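Chain naming follows the written order as A, B, C and D, and within any one chain the residues start at number 1.
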Amino acid sequence: MDDEGFLMLGRMVTAVELVEGCGEFAALVPEVRTNLVYARERAADRGDVLAVDGRITVVDGRPRAAGRPRFGASSHMARLIIELRRVDPSVRAGIDFAWTPRLSRWLGRYCREQGWVFSVIDRRGEPEEIKEAEGASMPWKVAEAVRAAGGRVPKVFYETGAVGKEPVTVLVGPDPVGVADQACTIARKFHGSG
Amino acid sequence: MDDEGFLMLGRMVTAVELVEGCGEFAALVPEVRTNLVYARERAADRGDVLAVDGRITVVDGRPRAAGRPRFGASSHMARLIIELRRVDPSVRAGIDFAWTPRLSRWLGRYCREQGWVFSVIDRRGEPEEIKEAEGASMPWKVAEAVRAAGGRVPKVFYETGAVGKEPVTVLVGPDPVGVADQACTIARKFHGSG
Amino acid sequence: MDDEGFLMLGRMVTAVELVEGCGEFAALVPEVRTNLVYARERAADRGDVLAVDGRITVVDGRPRAAGRPRFGASSHMARLIIELRRVDPSVRAGIDFAWTPRLSRWLGRYCREQGWVFSVIDRRGEPEEIKEAEGASMPWKVAEAVRAAGGRVPKVFYETGAVGKEPVTVLVGPDPVGVADQACTIARKFHGSG
Amino acid sequence: MDDEGFLMLGRMVTAVELVEGCGEFAALVPEVRTNLVYARERAADRGDVLAVDGRITVVDGRPRAAGRPRFGASSHMARLIIELRRVDPSVRAGIDFAWTPRLSRWLGRYCREQGWVFSVIDRRGEPEEIKEAEGASMPWKVAEAVRAAGGRVPKVFYETGAVGKEPVTVLVGPDPVGVADQACTIARKFHGSG
């Protein structure tokens, strides 16, 4: 591996430990689990994106990574981050977590306070021909999130409304330690708000 | 713990290792992960049901339990098994795994060959007032699976069709080692059929 | 596996969790790690003895089992327990932990209070021809521990004085949950005494 | 953490995976387990040295890290590497593994072929006043290894001959990936020689 890879891996391991150390985040881990991804500066495909192998689940009431960070370990979140980077290359890392109506309302206010763009992908608006074409959903979803955010990549967004798909929230940023730290702050403040 | 609990725990640990040792099962682990549950002879609530803490996920291409079996570690699958036992108390264990149209067609034929009852819960038929009442879905789902199976608890069934819910297949039986063994046989034969 | 095996496995898993849950035991884990063993009623060789695969080590300041309990996972402790059972078949489980002069003095008093036989194997007394014969040490060591305890299998004993071998203390009993519980009580009381 | 720390962590995680991926290394893991350490460029104390928390043990017949790499996780190997760096600051990483008379003879030849300096610390030569003074052994051991190697830090050395201490071999170098790779090559070639 090259030094960019080692540096990324060290940051990912640290970011994963941040999430594991945040007990309140357990309440935000969705049924489909949480992933954390980090793309190389010149990421072309999922092999250039670090992700947690097996994702992060909840064990003994606390977040726990199932496996280690590896390049190529994610498909969905890796493609999402690559697609977002076509619009804004400063975005290199992302984390996904649960969506509920209450969290969504709270996040709307929290993002406003932080000056963060908050957006939504309503998959009920997805054209049938895109739903059915293998691999066509991701560009549509990113275009929809960007459109709904007024042309920018939003800091936080969620997708909702699909049959057979659990709704999730996504938070992105330039590096995984920052993204993990922001997600943990959200988990702690949302927990404290309840 | 009493001897029933120790005996159950020993069987669960063994069943989990069977699943972990079956590489082909990785392809059947759904996004929401697989769980394996085992109810006490006189199970009254989820505290009487052993389940894998954090469920079984896929790490390095193979099934891997996130945590250890614990009484009370499952909510959804535990309630499902308790509800099924009201109809047939010989059912004490269950495992859930992915659903796809192709697997479903294959399972239909496989269950026929095995002489197993195969059933379906189509959640599009679920009355709105049940969907919205907390905890009311499970009795409806089990009643529906039993009704569709002509009054018996089916050996294998799946639920499908809900917004925000990944469809899964469930296989049940009297003990977790048998259930794990049957699920692994399905995974190997389905893999070989592809 | 038969029901004796499942029952034993359930007890071992529970015993391992007891040790993992006792933070004070971390101070008693030796460099060579701790093992916990449990022999079948009619154990003939190490394949009939459950032990923790990879033993119990210290991670993040707490005891942690490296792997799972398996029949055949231990060589040294398994042979020790089989040899002890020739003298007293009620002994089926054992745990080893650190030895220091201070712990040894404290244990001498503690065992007296408990009415437990405490013994020592001083390997400086081991004949050269036994040291050099492959597999001959274990019968000599057990005979020495029993001799020094006045003809009985001691509850607690230690071996010391060998070049290239870390000294350890061993505690035995009829089942691993009891043995783990006694070792944890020792760890807590010894910690409190310091 | 700073970028030097992240880069080191990424290299350590990669080095640990190399060792875990080398089945033949299992035969070289000593009873006291293997550690792998990596010192910061300006390491002053053990807090500046990365090491595997809980060390590397053998599970299911393969090397397995008990915990993750952390700064400060090692005492003995960290002090060894810091002491070696007083003589040769290019040494930043080290790994320890088993010692047997047969491995030692084989390593003597292998090191000669590689042009590596091979040395020994015979602790039977250690003065009594040093053995008994807390913390005094390490400078003596390093001075002895260097003296026996003709004034240089040896690439490979072992210490042997102490009561209560398992003999181990140590291999050092500038970075943990290289050191892990060299240790794995030794494990494979020594295995093939047997």
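Everything that follows uses one rule, which is that a residue touches a chain if its C-beta (ideal position, glycine included) is under 8 Å from a C-beta of that chain, and two chains touch if they have at least 3 such contacts.
Small disclaimer: the values here were computed from a predicted structure and weren't measured.
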Chains contacting each of chain A and chain D, listed by label
none
Looking at where chain C touches chain D, is over half of the residue numbers used by both copies, so same, or under half, so different?
same
Approximate Å spacing (C-alpha centroids) for the pair chain B, chain D:
48
Rounded Å distance, chain C centre to chain D centre (Cα mean)
29
Where the CA atoms of chain B average out and where those of chain C average out, how many Å apart are those spots?
40
Multi-partner residues of chain A (each touching 2 or more other chains)
none
Looking only at which chains touch which, which shape fits best: line, ring, star, complete or other?
ring
Chains touching one another, given as label pairs in label order:
A-B, A-D, B-C, C-D
Which positions of chain C touch chain D when the two form their complex?
31-33, 53-55, 57-60, 64, 66-67, 160-167
Which residues of chain A touch chain D in their complex?
1, 3, 5-11, 13-14, 17, 68-69
